[in-house]
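Below you'll find the structures, each written out as structure tokens.
In the two complexes below, subunit A is the common chain; its partner is subunit B in one and subunit C in the other.
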Partner chain A sequence: MLSYIIRRLLYTIPIVFGVMLLTFVLFNVVGGDVSDQIAGRAASAETIAEIRAEYGWDKPLFFNSEDFFDTQFFNHLKNTATFNFGRSWADRERVIDKIKRGAGYSLALTVPMFFISLAISVCISLVVAFFRGTWFDTAVMLLCVAGMSIPYLSFILFGQYFLGFKWGLFPVYFWPDHFPVQYYLLPVLVGVVSGLGGEVRFYRTVMLDEMRSDYVRTAFAKGLGTASVLFKHVLKNAMIPIITQVVLAIPFLFLGSLLLERFFGIPGLGYLFIGAIGSRDYQIVGAITYIGAILYVIFDLLTDICYSLVDPRITFD
Partner chain B sequence: MNRYWFCLSGLLLAVLLFGCAGKSSSDSNEMVLYTAHGAKIHGLDPGDIGDQTSAAYASQIYETLYDYHYLKRPYELIPQLAAEMPLISQDGLTYTIHLRNDVYFQPDKCFGKNQKRRLTAHDFVYAWKRIADIKYISKNWWVFDGRIKGLDEFREYTKTVQKGQTVDYNLPVEGLHTPDDFTLVIRLKQPWPQIIYMLAHLPTAPMAKEAVEYYGRDIINHPVGTGPYMLGRWHRGSFIELVRNPNWRGQLYPSEGEPNDFPDGFLADAGRAVPFADRLISVLIEEDPPSWFLFLQGKIDASGIPKDNFSQAIDQRRQLTDDMKRRGIRLYTFRDPSTYWIGFNMEDPVLANNKPLRKAISYAVDRDKYIELFTNNRGETAYGIIPPLMKDYDPNISKIGAHYDVARARQYAEEAKKLNGGVMPKLKFAMPGTDVVFRQRGDFLIKCFRDAGLNIEIDYMDWPTFLDKIKTKSAQMFGLGWVADIPDSENFLQLFYSRNISPGPNNFNYSSPEFDKIYEQLRVMQDCPERTELYRKAERIVIEDAPAVFILHGVAYILTHDWLYNYKPHAFAYGLSKYRRVDTEKREKYRKRFKDF
Partner chain C sequence: METISVNSVSSVAQNAGRSLWSDALRRLRRRKTAMFCFAVIIVYFSIAAFLYAVDIFHIPLAVADWSRQIGPEYQPPGAKYIFGTDFLGRSVFRKALYGAKTSITVALWASLISISIGVPLGAMAGYFRGIIDQLIVWLYTTLSCVPYILLILAFALVLADKTLDVFGWKIPLSGTATVYLAIGLTSWVGICRLIRGEVIKHKNRDYVLAARSYGAGSGRIIFRHLLPNVFHIVIINFSLRFVGFIQAEVILSFLGLGEKNSPSWGAMIDSARLDLPKGYWWEMTAATAAIFVISLALNVFGDALRDCLDPKLRTE
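What follows is the complex of A and B.
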């Protein structure tokens, strides 16, 4: 197993290099020069030139005949590898400080949303799979498709207007001077409800595959109770696709939720990211993309390791 | 298994409770002013501020030599950090300003423990040299560019400073002289009557050298000013809290104003010490629905009116609806110092050499319909560049400027075709946005152009791309506007001066020797009837040459709850929170009664 992990870690080197190259090309070559924007509307040409020098945008992109290492790409490699993402050009704050601060807010939203959603959707899918083909199954599937068809923004506006504003059950928006936990209730609820449709459908398919297996019939024949069969046997055997789904979703939890954070005023990474895209703050967009990619690679490896933990048939030799 | 679930639940709870560092502090007796801002605050360093949102909050922390009288109209300047109005030499080239000697910076660790740092004239010289320093990359060099003797030379010197070396701020600048700690003498290259307004403009606020050196580049996050408030908490991208500055010298609420100020209640607090509010809290809300809900819930004291909620707030008679009146909400409307237009790139060969084409486009746009559709009639039709709020506004401008007239537009379009020697090539209009509202605007304009027989397509793009196109002169036509910083019409006319062409503020790349001659004459003149005449003459030259289709001048609509007092709108000043007062009991009652509404 150790040799497998080492091998997988070595594979990540070209992947990370590819990510660095891609982010550089996307944000420094294709994205264009943002020095005009930094300088403001009334800036002179000399101010714009100074900005280009300040951020190193006056250097050659890939090749410098005089000094091989003095290029924009090499500086990008060096900085991203050491997590030195520089300063946001919009407000000159260190990008890493923004990310550190925003990650807590994003996780406070996405972690409960994810686990609550997972628990509910797995439970519902088990029950629905058990009653497959009945009116109950059809009704739940109909609701799932309806839920999937409604735009995410509609859930947000509905929740904000009725549950927050009209009925006063939850705060409408993040507000300083108050205990933070209550401001997460409504966005978490909206996030959970809006995501249920797709997840229940996915897990129902997984559960149905297991329900048709011989061991389930055997368990029922031996006289085991329904709950015991479903939650002890079926659920355990359905863990592989669930783990794949769960572990690979974790990096995205870190990145937050773009719309929920913006509409509920949660100052997380999703909000930061969408704002940075809008203002072409490539320092931030590049940094979050890079960290997201690194996390994805790490959790992809963890997924493989987890397989062997839940399924003894899987080995890495 | 139960143990694991217990641990996991504990972890989740911990993330929820402590995932966000939020200090909870509220005292029922204190007066807190709650507002919202619709755009991010980029920074609180006055030398580098280029947006209105940042300026609005930095202006509560930093002060300038002069300030606008809160109540008097037309706008009148009064001393703030200065002890009196400046002494101006006969030739208008030397300004001698005596400073107050009772002004201290807010307490800050950069000054050492328990040390009160007094403001001196050197802090102004330092702040202005800093803006001139090319290494600082200020957005506000335009304020001083070519104005003060020796300052441009200082800027040239900073260009020669190599990376790693420090700029020597002790180098003397001929035009910035401090005979003593409380006297500042400014020597100008040529008369600059607008300087008095610039001395009330945030970028000219003094900076403490110790603060800049202590915080370095992070000074943007650690404002150290002399104003009534100082930074309490600032969670970037979420909210900002300002608290009282214990070192502030104090000030009284004005006792004079306009004739209507007394019946309108703006003089009820005359002679009382300001600031009234202990804390100011402003929350970033970039989406309209939550902002509107919070205002109606009484969480926010004042608000604009989102486009989609306009009919909920304002009825057909342009009055508050019954629902708003029942809630005790008040409406304030006031003219903005703004003009919005469709600009032509006068270096584009098709547009530059075809005045009838530009005229055809000017007459094709139905401005009144545009204002009705896209601003809920919160605008006035524009016929020229100078808005009605400015005292140099030409009352006869509607007879001179272009207006909506399809027949005339078609006539000009035919002329343009003849001049071009055949069918006109398709023109491209750069639209600074891609969302649905911009697309609706684009569709409306296309319809107007098509009605006049003009072939123009809309190129939708994000703001940065748009800005890039403008700066590099690569947009053929574009939609843009200008909001004046100061109550002087020169601020608008500079947009057509040939020395200001892109990347400067003349985005039309318009060049007219006749206009330039008048502009150079008027920019050095003190305010007088002759100067007003020259402003109007210059504006007429622009209208005749048609480098732009003037669309509208903005009119702002602000709603406040009835517990917020002294909310008199001001078009140019930002540091006004010190005058606002809140009846906190009334606010609490409203919040409790909210569901009854």
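What follows is the complex of A and C.
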């Protein structure tokens, strides 16, 4: 088991290197030097040279004949390994500070959203799986597919228009002076409802797999009630795929929700990311992409190690 | 006597000759809902093809001219203006039709790109194993670490307004090309993984060993023998992924990373966003309805196709 954990740990090294390489190719090779965009139209040659020096665009990409390590690629490896992403183009603030500040706002939106939708979809899927093959099952599945087919943007815009603007049930836009909880209600609601269709469908297949097992038949045969079988026996056994989903969702929780944050003005990482796309701020886009990938690698590693602790049969493949 | 033998021969031929595809088709035809959804999908594709034909042959047709002002601005839907007019007095109906063209173009190209990357790579990884397998697995594991939507947006951002240099051919990337390249280059991971797994399973089956014993080379075994036997997975995967491509196109166009010179559903939602609080609901509704109908049809049809083509995956 120890050897498994060590091998699994070593396996993350090429993956992290791959992520660094990917962000480098995207933002330095394909994206490249944008000093003229930062400097503006009326900039002098010296200003542009200064900007190129700051972001390291004056150095060769991969190979430097004078100093082997003084290339854009090695600087990129060094900077990403130490989470030093330089400064934003727009307001000169350090990118990592912006990200640290945004993560809290993002988590405040995504954590309640994720757990509410998890609880609701698991409950619905249990009930639906119990009534499998009946008209009730068909009707709920039809609703789920219909819900999955409505574009996400429409959920947000119509939700904001009707619930926030027209009927005035919720505040429409974030305003940091006030007590913030109320600003999260509507985005959380919209997020939960828009994701429900896909999640119910997913957990229904998980539950159906469990429903066919012998222990369920035994439990019914010895005269247990429906509720007790569903919530005590089936739910407990379905916990493994559910927990996998939860652990793998955590990195996404940090990153927030791009469109929801944008529309409801929540200053989290999603808001930051979309704003950076609008202003073509490669520094921020690259940093968030990289951090998202690293978080995913870490939580993937943790899941595998937890599995190996629980289940001794697992080997490294 | 003669007729009996003919009958028995034909019945044997019928039993033996029913391939996976004809069998699946037969089962699919029995499902009325799925066939209806298929008809809806065909209608959308025909609209796109028709608009391409109009563009190519310069057919002077009123419906195909989306940029013309047909009446006063912000006219509600009615007998005169089917889906109403937008802020410049253009027909929302015509814009929605052109949105179908943009979306389907993007989704088709994206599918084509990700199939032509994912399928050969997956087949090679599964067939050769060893160092090639490790490299390809490393490549797709790396890509799949980056959250999908961030990856698409990052690709679209750096590809926007770039010029593609293919062996001296300079191809400027238009908005549509940026979008389908971004989606296509990021979405091949799933199919690559599936094909790799399936090829590993098929690699030591008798038909592959037989082909090898006849002296067939690796390329021939992969493309002539293995891939046709696992290709139904590609079809299933992409009938279900198509919806995702359409929705991704909507989000990219909405964020201004997509096509700017012709209408798309995402751009319609973007321009209708500020009209909605003023009570001009029709452009938003038209775009939503257009996306909803094709997404629903694709979802239902894709599920049915999966059930018919791959009996193992069937949920019931």
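General observations
By definition in this document, the second predicted complex is superposed on the first by the 299 of 317 C-alpha atoms of A that agree within 3 Å, B and C clash if a C-alpha of one lies under 4 Å from a C-alpha of the other, contacts with A are read in each partner's own complex, and residues count from 1 in each chain.
Convention: a contact is a pair of C-beta atoms (placed from the backbone, for glycine too) under 8 Å apart; a residue touches a chain by one contact, two chains touch by 3 or more.
This one's a predicted model, so the numbers in the text were calculated from it and none came from an experiment.
Contacts of A:Y161 after superposition on the shared chain: both subunit B and subunit C are touched.
Contacts of A:V181 after superposition on the shared chain: subunit B is touched, whereas subunit C is not. Look at A:R92: by the touch rule set out above, it reaches subunit B but stays clear of subunit C.
Using the contact criterion defined above for the overlaid structures, shared-chain residue A:V19 touches subunit C, although it does not reach subunit B.
In the overlay built on the shared chain, the residue A:L10 is in contact with neither subunit B nor subunit C. By the document's definition of touching, of the two partners only subunit B reaches A:Y173; subunit C does not. Of the two partner chains placed by superposition, only subunit C is touched by A:Y152; subunit B is not. When both complexes are overlaid on chain A, the residue A:A227 reaches neither subunit B nor subunit C. Judged by the number of subunit A residues each one touches, B leads among subunit B and subunit C. In the overlay built on the shared chain, the residue A:L2 is in contact with neither subunit B nor subunit C.
Taken together, the two complexes place residues 157, 161, 165, 278, 280 of subunit A in contact with subunit B and also with subunit C.
Of all residues in subunit B, only 8, 12, 15-17, 19-22, 24-26, 40-43, 50, 134-135, 137-139, 141-142, 145, 159, 217-218, 220-221, 233, 235-239, 241, 281, 283-287, 289-290, 293-294, 296-297, 299, 462-465, 467-468, 471-472, 503-505, 594-595 touch subunit A in the complex they form. Those residues of subunit C that touch subunit A in the shared complex are 138-139, 141-143, 145-147, 149-151, 153-155, 157-159, 162, 243, 247, 250-251, 254-257, 265-266, 269, 273, 276-277, 284, 287-288, 291-292, 295-296, 299-300, 303, 315-316. Residues 14-15, 18-19, 21-22, 26-27, 30-31, 132-133, 145-146, 148-154, 157-158, 161, 165, 205, 208, 251-252, 255, 258-259, 273-274, 277-278, 280, 282, 285-286, 288-289, 292-293, 296-297, 300 of subunit A are the ones that touch subunit C when the two sit in their complex. Per the touch definition, subunit A reaches subunit B in the complex via residues 32-34, 36-48, 50-51, 54, 87, 90-93, 98, 101-102, 104-105, 107-108, 111-112, 115, 157, 160-161, 164-165, 168, 172-181, 184, 262-265, 267, 271-272, 275, 278-280.
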